Amino acid sequence: MIVYILRRLGAGLVLVFIVTAITFFLTHAANIPVANNILGAGATQDQVAALNAKLGLDQPIIEQYINWLVGVLHGDLGISYFTSEPVASGIAARLPVTLSVVVVSLIFTLVLSVILGVAAASKRGPLDVVLQGIATLSFIFPAILLGIILVYVFAITLQIVPAVGYTSLAESPSGWFASIILPAIVLSIAGIASLAAQIRGSLIDELGRDYVRTLRSRGISDMSILLKHALRNASGPAFTTFSLLFISLFGSALFIEKIFALPGFGTYAYQATIQGDLPVMLGVTLFSVLLVVIVNLIVDLVSGWLNPKVRVS
Amino acid sequence: MTALLTIDDLRLRYPGRGFRSASPEVLRGISLEIAPGETLGLVGESGSGKTTLGRAVLGLANPTGGSITFQGEDITRLSQKQRRPLAKRLQVIFQDPYTSLNPVLQISEILSEPIVAQGVSAADSRKTVSRLLDQVGLPSNAAQRYPREFSGGQRQRVAIARALALEPRLIVCDEPVSALDLSTQARVLDLLVDIQRNTGVSYLFITHDLSVVRHISHRVAVMYKGELVETGPVAEVTTTPQHEYTRSLLLSAPTADPDLQRERRALRRRLREAAA
Amino acid sequence: MTTTEIDNIAAVSAPEKKRSGVIRRLLKKPLGLISLIVLIVIVLLGVFAQFFSAHDATFTSLQVVNAPPGTPGYILGADQNGRDIWARILVSINVSVISGLIGAGVATLVGTLFGLLAGYVGKKTDAITSWTFNLLMTFPALVLVLVLSPVTGGAYQATMFIFGLFLAPSTYRLVRNLVVGVKNELYVDAARVSGLSNRRILSRHVLYVVRGPIIISVSFLATAAIGIQSGLAFLGVGSTLTPSFGSMTSDAFINVYSYPLQLVWPSVVQALLTSALILLGNAYRDALTDAERPTRAERRAAASAAATRTRMVRARTAGAPDVSSARSLLTVRNLSVGYAQTDGVLKSVVDGVSLDVAPGEIVGLVGESGSGKTQTAFSILGLLPPEAQVEADVLTIAGDSLVAKDSRELRKMRGSVIAYIPQEPMSNLDPSFTIGSQLVEGLMAGMSRKEAKATILQLLARVGIADPERTFASYPHQISGGMAQRVLIAGAVASRPKLLIADEPTTALDVTIQAEILDLLRDLQGELGMGVLLVTHNFGVVADLCDRVVVMRNGQVVETGKVRAIFHEPAHEYTQQLIASILDENTVRTDPAPHSDMRELEETK
């Protein structure tokens, strides 16, 4: 078990290495005039060269990458070219914002899609139509528009929650919740439909299986069969969808951050990439890949635990 | 007169899931021969390796040792390309008539597939298709239909027609009647015997059902845990079995007569108690 | 019996009928047709944009800044820069359509190609491509787009090409899994044995199967690509010169409080475009699944056949003498099971069946596939799906009528009076729970967990399991099929039922195990004095266990009798035919193999 986790983490580190390397060399190939960007249009040749030397941009590319890697191994992610803020503290400040939104949104998604999926699978008929409708709508309706409408109704008209900005959990739990509830709802919409459909589909498959009939033949109640036996067996495939959802929500958080003016990870990454702020870009990439690796690992461990064939052998 | 098919000390082990894990040997040194025009019945329980043996002959499983010789040619390990000419002489009928026919193809397309693959023109193949349908007792208007429009027995006739399309010398029949109803089963077996008399084809007939084996085989080979435990003429093996496993197999199969079955049951119980 | 005889002549000689193609079915669906028309109209509006608008999309005029809809020459008004909103929408359509085409095209091509390779070629190729596509999924796409923007000049076409690559993994997974499934189909094996080349097998058998799902996925990919493009434009990524839904939304967002209508137009058109795409994809999926269902005409024919049969049966059973059911354990009179077809007509599968099981008696319910024997058994157990319509004049177990009972009362009976042994041992155990826990669950209504466990352990030992404690704690995949069947038998008799219904309990087992299970069933029946209804097609099993036999065909009982009578002097023609089809044990094939003649010929030469 521990060997398995270590092996997976090892493979994850290889992945981190490859992805950051690609990012690094691509950025260099793109030749973004970093020094000019920092100094502005009026900078002289000498000023540019001096800044390049200061930032280490005059060294060979390979050497720059190795320097960065060595730094990472010592826990040093470097300093932003533009703000001089250490990348590590920059990430530490932004990641909680995005993670708050993503995690709360995932909890919404999970709870609502389990309820919807189970209800649709056990009742079929009208609830199926509702589910189909939600699914189609969520695909059609631009999330950006939904966000704008929600802000308009709840923040501007009703003034229940703030329209923009972020309050940290430590500062004020209720403020925190109020600041992320709208973005989390917007982010959930697409996921609820797809996950509920997935749960409904696998539940219907499970309810049609032989063992369900045999359990019924022993006088076991329909409720117990649905919620204990069928749902347990249907949770494997649903869990995989859930993990893919995490990755895609994390990716689309950027749009949400822009609408709600949240100082999040996506905005941080976006700014850095536009400016060519290489240390920040690499740090951001490192953390996103690590996050994906860890989430995938957890999902595999949980689904392995759910499946006795994997767990026991 | 040489044998049509000779299998010598055939061994097979499926590759394990990981790199190091080795799975147990499925075939543990099988040797047998089939003569032209002969049916060899291959009997065994699930997991005995009988289906794997058939798949190895067809090139669908890779032996790890030993050899398979067909009409004097070593066919143990051929590439798919090398194997292609062999299709003319070596064919197959699978157990499940529902999954062995592609549901989206018409019967005529299914039947002409092997013929066209050998480079015969579409027009010529059409003639062959109607001859084949006639041969297996299906009306010629069956050609424009899809497999789902046929019953299990009829589908199995289509599968037989496909196997006959290239006039092969050997057909590997993997449980061809065990998915069929009783009355259909007898008719399909009769059809197979008739075809053999008319064309001189040989069958490697894989089944778990001893009564089917009696009906169709000239000789019988009994497989148990990857080995052949007994081989001989059908009458000998099914009446005076030499090996203990064959004997228990024969006694375990219930006979369709309440009084005979009562005797057989008593005999089996006595033998079991004696063994214990 | 001649070999040219046909199993079922009626099915083959039915008149020829043409099946309409998927496309035609799609167009017959209102939703499919409407979506297609909407899609075509929107695309045409975009393609011929210059004919439909008075101004160029980038033409600015200070006179019309924020002009309301209906301003002459500006149908939908003008934006804050004085540009024609209608003209900008038309151009945005083109941007969206091209984005969809590029994104979905790249994703489908790349995903399908590598999916086919990974699924078909072999494990090594599969491992390498799967790893690469997993890498693609972790890579931040936006970084690549932005980093490459100096090269691409921020053109949205290039951006969509890159995002197409990042959308490819979903198609790749879809195709790969489908191909792996098809590759294991027997018809692909048959094609290989028939000498077909890999290319031919791929194009003929494999691509055929994956075609439908790929087309459906294209509609989703195109929608996703359109969404990504508009999202990026909303953020201001890439060139801002080309108008697009995203940039229009972004512009309108700035003064949403003063001119909210400006936000509505681009959103509505984009929503129309994507919904048409999605609904078209859904309609295509429905059309595909419809093709596998029988046509309406076929259903009507089947239903009318069933209707005439019902009338015949009613007349006959009404005249049948009523058997006294005083001593009977199970009494069934005139049982019918039907399923409503989609056109409302009832299709009958069990039709006026009457049968009895006395206490301690084993009755065999015999018939071929489609005879309705299993449906009869399940309707007695109350285990048919809710769609089934079950009717009976009399259905009593131990004097207790099941006819008027609600589902809760029926469930109580299933836990106590009546029990069931299924056919497939492995699939009838819940793979996620230990054997012990799922057996104990059935007993929990009447006793404590501890008592239930003790009872189950005792029973496991009784059904011949060597190490009951260990089996109790095992998961289903850890035991063999024969053991699993013993477990299921233990589960069935745990409540000491009066009636046991066994559905082909030995069909899935090897013949030596079958013998042991038959012995076990006989012993348990004797010990507990149960009545048994044994559903089977195997006359050997009937001969071994049964006292009486009920023969069924096409949902009706054709003959009932003592076991010896059925075997030795069957009365009904169908029973005679069945008994005659049993492969005789005493006749073996005697005609010599032709090579022996040849050998003799050669020797005489």
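Order of writing sets the chain letters: A, B and C. Residues in each chain are counted from 1.
Everything below uses one rule, namely that a residue touches a chain if its C-beta (ideal position, glycine included) is under 8 Å from a C-beta of that chain, and two chains touch if they have at least 3 such contacts.
A quick note: this is a predicted structure, and the numbers were derived from the prediction, not measured.
Novice: Does B-C or A-C have more contacting C-beta pairs?
Specialist: When the contacts at B-C and A-C are counted, B-C has more.
Novice: Considering only mean CA positions as chain centres, point out the chain farthest from subunit B.
Specialist: The chain farthest from subunit B, judged by C-alpha centres, is A.
Novice: Centroid of subunit A to centroid of subunit B, CA atoms only: how many Å?
Specialist: Whole-Å distance between the two chain centres: 54.
Novice: Determine the centre-to-centre distance between subunit A and subunit C, using the mean Cα coordinates as centres, and give it in whole Å.
Specialist: Roughly 32 Å separates the two chain centres.
Novice: Which residue numbers or ranges of subunit C touch two or more of the other chains?
Specialist: As it turns out, subunit C has no residue touching two or more other chains.
Novice: Show which residues of subunit C lie in contact with subunit B when the two form their complex.
Specialist: Within the complex, subunit C contacts subunit B at residues 1, 3-8, 11-13, 16, 19, 185-187, 189-198, 200, 204-205, 208-209, 292, 368-369, 481, 510-512, 514-515, 518-519, 537-544, 563-564, 567, 577-579, 581-585, 587-596, 598-599, 602.
Novice: Going by the contact rule set out above, which residues of subunit B touch subunit C in the complex?
Specialist: 1, 35-39, 45-46, 58-60, 80-81, 83-88, 90-92, 94, 96, 99-102, 104, 113-114, 117-118, 137-139, 141-142, 144-146, 148-154, 157, 159, 162, 165-166, 181-187, 189-191, 193-194, 197, 200, 208, 210-212, 214-219, 234-235, 238-239, 248-249, 251-261, 265, 268-269
Novice: In their shared complex, at which residues does subunit A touch subunit C?
Specialist: Residues 15, 18-19, 22-23, 26-27, 30-32, 136, 139-142, 144-145, 148, 152, 156, 209-211, 213-222, 224, 229, 232-233, 247, 251-252, 254-255, 258, 269-270, 273-274, 281, 284-285, 288-289, 292-293, 306-309, 312.
Novice: Hey, which residues of subunit C end up touching subunit A in the complex?
Specialist: 135, 137-144, 146-151, 220, 223, 227, 230-231, 234-235, 249, 253, 256-257, 263, 267, 270-271, 274-275, 278-279, 282, 378, 381, 383, 407, 411-416, 419-420, 422, 424, 427-433, 438, 441-442, 445, 475, 477-478, 488, 491-492, 494-495
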